[in-house]
Amino acid sequence: MALVTYREAVARGIAQEMRRDESVVFLGEDVAAAGGVFKTTVGLLDEFGPKRVRDTPISEQAILGATMGAAMAGLRPIAEIMFSDFYAVCWDLVANEMSKSRYMADGQVSFPLVIKSGNGAGLRFGAQHSQDISNWAMAIPGLKVVCPSNPVDMIGLMAAAVRDNDPVLIFEAKGMYAEKAEVPNGEIVDSLGKAKIIREGDDCTIAALGMMVPRAMRAAEILSSRGIEATVVDVRSLVPLDVTTLMAAYSRTGRLFTVEENPRLCGWGAELVSIIVEEGFEYLDGPPVRITTPHLPLPAADNLEDLALPSVERIVSTITEGMKY
Amino acid sequence: MTFTTDPLTNPPTDSLSTADQIDLYRQMVRARQFEKRCYDLFLQNLVKGTTHLYIGQEAIATGVSAAMSEGDYTFVTYRGHAHLLVRGTPMGPILAEMLGRSNGLMSGKGGSMHLIDASRGVLGSYAIIGAQLVIANGAAWAAQYKETGQVTVCFFGDGATNIGAFHEAMNFAVIWNLPIVFVCENNQYMEYTPIRSVTAVDRPAADRAGAYGLDPVVVDGNDVEAVYGTAAAAVHKARTGGGPTLIEALTYRHGGHSRADPGKYRPDEELQAWLAKDPIPNYRSALIGRGVAERDLDLIDAQTRHEVDEATEMAKSGGLPADELLWTNLWSDGSSGWRT
Amino acid sequence: MALVTYREAVARGIAQEMRRDESVVFLGEDVAAAGGVFKTTVGLLDEFGPKRVRDTPISEQAILGATMGAAMAGLRPIAEIMFSDFYAVCWDLVANEMSKSRYMADGQVSFPLVIKSGNGAGLRFGAQHSQDISNWAMAIPGLKVVCPSNPVDMIGLMAAAVRDNDPVLIFEAKGMYAEKAEVPNGEIVDSLGKAKIIREGDDCTIAALGMMVPRAMRAAEILSSRGIEATVVDVRSLVPLDVTTLMAAYSRTGRLFTVEENPRLCGWGAELVSIIVEEGFEYLDGPPVRITTPHLPLPAADNLEDLALPSVERIVSTITEGMKY
Amino acid sequence: MTFTTDPLTNPPTDSLSTADQIDLYRQMVRARQFEKRCYDLFLQNLVKGTTHLYIGQEAIATGVSAAMSEGDYTFVTYRGHAHLLVRGTPMGPILAEMLGRSNGLMSGKGGSMHLIDASRGVLGSYAIIGAQLVIANGAAWAAQYKETGQVTVCFFGDGATNIGAFHEAMNFAVIWNLPIVFVCENNQYMEYTPIRSVTAVDRPAADRAGAYGLDPVVVDGNDVEAVYGTAAAAVHKARTGGGPTLIEALTYRHGGHSRADPGKYRPDEELQAWLAKDPIPNYRSALIGRGVAERDLDLIDAQTRHEVDEATEMAKSGGLPADELLWTNLWSDGSSGWRT
């Protein structure tokens, strides 16, 4: 075991896979010599050399195009899109090309590739560098989407993503890069499409993702002290979505609260609520409630950013209120 | 057909054997007759969705393909039927795909704009302008990384030169010194708009080569041997570590942009002038002038008619794709589920 | 009154506004001389001349950039993105720039602009030219989003969009361009953010959008013949979303079915279901059910495309089944 | 400061009056001292989020702005504090914005990367590379359409020349003959990566001008009068219907890319060579050489220190933005609701 930051876990996960498989290559802006603007790729150039770890121009379409083409031709590339907000300048490759081409080709080609990005808020970077866009990705058929909430998951899900033969988008919670956790030594390999129950409680289920997971846990502890026992599920993977685990938790508790970082409309919370009310209607003890960032761009000022994101207090008060139903 | 000279400066078309030349003719005729059949089937409402014909431009795919080796990669646009044909894909599955049949190249799931034949290195037809330019770089990168010696050829239209992806692709290919050949098929029009009316330079690809440290290369896209020579040089350069080439091949589509577009927006004199430059009859005359027997060429025409008829039969005989196909092959395990 | 196609209604709506206001200008690929690839802008160049109706290169970023900049500097531009799938090549302008800049500037600037596109399936164009991407837009704070389902609405909502001082995206259902309806003479001006009840019935509410509206109506008639009376709501506007009208219809009927063209995950149906179960829990008589295109790219073959889209038969059978709950 | 000659070939800097020259000095000093204060406040953890300093590049914004008229439009990047200052925005509200205060230029909602001062024609600072190039065209189009005579100036970095939007913007501006001046501030680096290592040509903007039918224009970006002369010519050309100009101004940022980046990736000799070309002391010496009293320049330095101190006080004195501000000004009616 060793204390590892979330940021270091990214590089460790990539390195683990690059050691194992020579066809794994890595590219992005300022990722090689500089080790990444978030320092998530420190050491990779030194260990794997400039043939496998490559700096690119500011050409996100070229980056993802190269990634997709290389995947089709036998490599297993990992690309960095520095801030997930920048997916907007190369969305065609993601939403129309790498996600759809296998289906259109009825299986002639595959796209074993990974794209990683810093995602979400917490650093006061303003509306264009703080978005949680994991729901953009979830809305596109043909993408797998994971959002690790801690260093161990980061390593294990990175490994699972690299080994998967389909396009996987990994969203790194920027606000958690400095978080540390004890990480076992040796290889860590997780599976895609598995949610994790990280706390058990009979009164309600809180489903949370990425940076919202620790907030949901803290809220659950406060709620517990007030007599509400919550099951907390770390959703981890938006596609595949682990409906089995989520439905089991919800059906046992009869109440669902989601804690989402993305702006309100059409997030994963809406999807989850719709699924559980349609398929688990008989277990509903009261209205499922979504706790989200409002449907707004994120403001830059500290206090306004804090106000916008679901806070521990807001989670606690919303659930306390909701449980009165 | 392999060359050791540097044909970008010294096109080696004189080294084409008569058999090679006859094969160039055959490939152009195949492309032409295939496209005509597509048009007929479109008018019969059998070709679904849309279709973009290559009639008039055949010398480009033919000449370039002849310069490529087996195992090389090809990326094309929605106007890409002919590019698959010349790389060896049989006519039947292409036609069946356009008819939306289960015996189509992609079981009817892709359609006319998304033909792909990975077994022959054709890594796809792309329908959103510019995408294939950046994607082709990736295939070239994989070949470079694995040192396989494969060359990637990426075709695109004049209109595509004004989209951002073109710019990113060119710069990227050059700085990574990728083994790739970009072929701009300048047929003078985007859909209905003349390219010159929306482009800051006269030659949309060649006049921009310098922006990537590349030489401008322009070739008569209706002269199959000229195309071949230029492509052979570029492919050789790519294969031997010389990096990318950007070729602009000047041509014209005889028909409209897609489907039943009659192409009326084009001045009649312009159309007539280009019809006079039709690559097929011109090459036919040239071959006859060089002593090829007219009978041999007639035979090719007849064989091709037969090939097209057979392909049509095959395509028409295909059933509709089974309902189950809707649910397959989104993911690499063959499935399409999004939940566990 | 005159019979007008959906396609003609687009040009008529634009022309109506261009006549009224000289600051309205129009740009796009093949829109001027050719009258648009879908013939939705025929006659505009002739009437308004090349200064106001302009053909562009294949440069979607340049098109939307010019649109946004011109709006900031006093024009009221209308842009065409030919197929809505192509938003993917210029998504930054939409998702990060025109939608967020007013908020970031705390109101210093406004963006009175409209973007219109052919959207959705029905023409066998395959996975990259058939998508309904209205849910991509709905997920972005700062965009208004409308999807007219008939010629009269097309004219009226186009006018409302042009007169609105915020960015409005209009999704034209490609599959309905040839549909005709009687249209009153003279100016037609509608309002954004208003759903419309187009059929009344006590047993359930069917909410539908765009090309799904006529299908929902036909389904409602068949259901009626089988004893199920449905209220049908044409949602019309995704942002603002007319929750008032939708909630009123649903609370009266106690059952909700949505009919969506977009692929399943994170569509407007999920949003609507989540809203009504949270805010109208007490009216729930049974599980709300979403009828959607599956979460797949669209196949090109006729029969597969038909199979993928919600059909009248699927709507009828899903509702019949659902009402048994 | 207006010119009738064509200063692109004949820079009219000799016509700058002494007062003009002193003003150029003042603006550069203001930019420099402002940025130093930002850095201090960043280290004190008062400037939030991120911040990108302009130290070393001041001659460019200063020289270009001096060539512009009131009412002209300016588009800049996240490295844009100085560009607002030289267009007349007072220091206080800019600094307050960076501190996330309610008296900030945008009430704290935008932050350092999104400064905008519409009242002075600064239509925004853009933080996603390339966006402002296409957006600036729109402002230029509006001015052209309304025949107002306004010119639009759009600044961007060397790294931005490799993104697709650059290409689309240039072609579009030329074919519409827009009244716009594009100014590439080539400071040799993107974030940490040298621009030459990722660019196919030596001069990322100038070597690409030809791809849009434009002349290559390179100017010493550390020579404020040279910048002024080049910009004046370009602005004049734009204002008189001559269309766009693409200027590449060579410069260097003294510090790192953003926040506390020490910029260690840069060779020391390179840094030292550029520090010796610091635009401010060099211009100061030039002015003194031309007979300007050192005392007058000292006074400017002192006045600026005072201005910066006052701005700092003002910024620090601002309260946090009220919670209600979260909910305002998404829509033009001032509200932010998404439902009716």
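In order of appearance the chains are A, B, C and D, and numbering begins at 1 in each one.
By our rule, a residue touches a chain if its C-beta (ideal position, glycine included) is under 8 Å from a C-beta of that chain, and two chains touch if they have at least 3 such contacts.
Just so you know, these numbers come straight off a predicted model, no measurement behind them.
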Item to check | Comparison of A-D and A-B by number of C-beta pairs in contact, larger one | outcome: A-B
Checklist entry - Going by the average position of its CA atoms, which chain sits the greatest distance from chain C? => result D
Checklist outcome for this item: chain B and chain C have mean C-alpha positions lying a whole-number Å distance apart equal to 36
Next on the checklist: Nearest whole angstrom, what separates the Cα centre of chain C from the Cα centre of chain D?
Outcome noted: 40
Checklist entry - For chain A, which residues are shared contacts with two or more other chains? => result 56-57, 59-61, 85-86, 88-89, 92, 96, 103-104, 126-128, 141-142, 239, 265, 294-297, 299-300
Next on the checklist: Where in chain B do residues touch two or more of the other chains?
Outcome noted: 107, 109-111, 114, 128, 130, 162-165, 168, 171, 175, 197-199, 325, 330, 336, 338
Next on the checklist: With touch defined as at the start, can you tell me which chain D residues reach chain C in the complex?
Outcome noted: 73, 106-107, 109-111, 114, 116-119, 123-124, 126, 128, 130-131, 133-143, 145-146, 164-165, 168-169, 171-172, 175-176, 325, 328-334, 336-340
Next on the checklist: If we count contacts the way the header does, which residues on chain A are in touch with chain B in the complex?
Outcome noted: 25, 51, 54, 56-57, 59-62, 64-75, 77, 92-93, 96-97, 101-112, 141-142, 164-166, 193-194, 239-244
Checklist entry - Which of the residues in chain D come into contact with chain B in the complex? => result 162-168, 170-171, 174-175, 197-201, 207-208, 210-214
Checklist entry - In the complex of these two chains, what residues of chain A are touching chain D? => result 29-30, 33-34, 37, 55-61, 85-86, 88-89, 123-129, 264-265, 294-297, 299-304, 307-308
Checklist entry - Contact residues on chain B for chain C in the complex? => result 48-50, 100-101, 104, 107-114, 127-130, 159-160, 162-165, 190-193, 197-199, 265, 320-321, 323, 325-327, 330, 336, 338
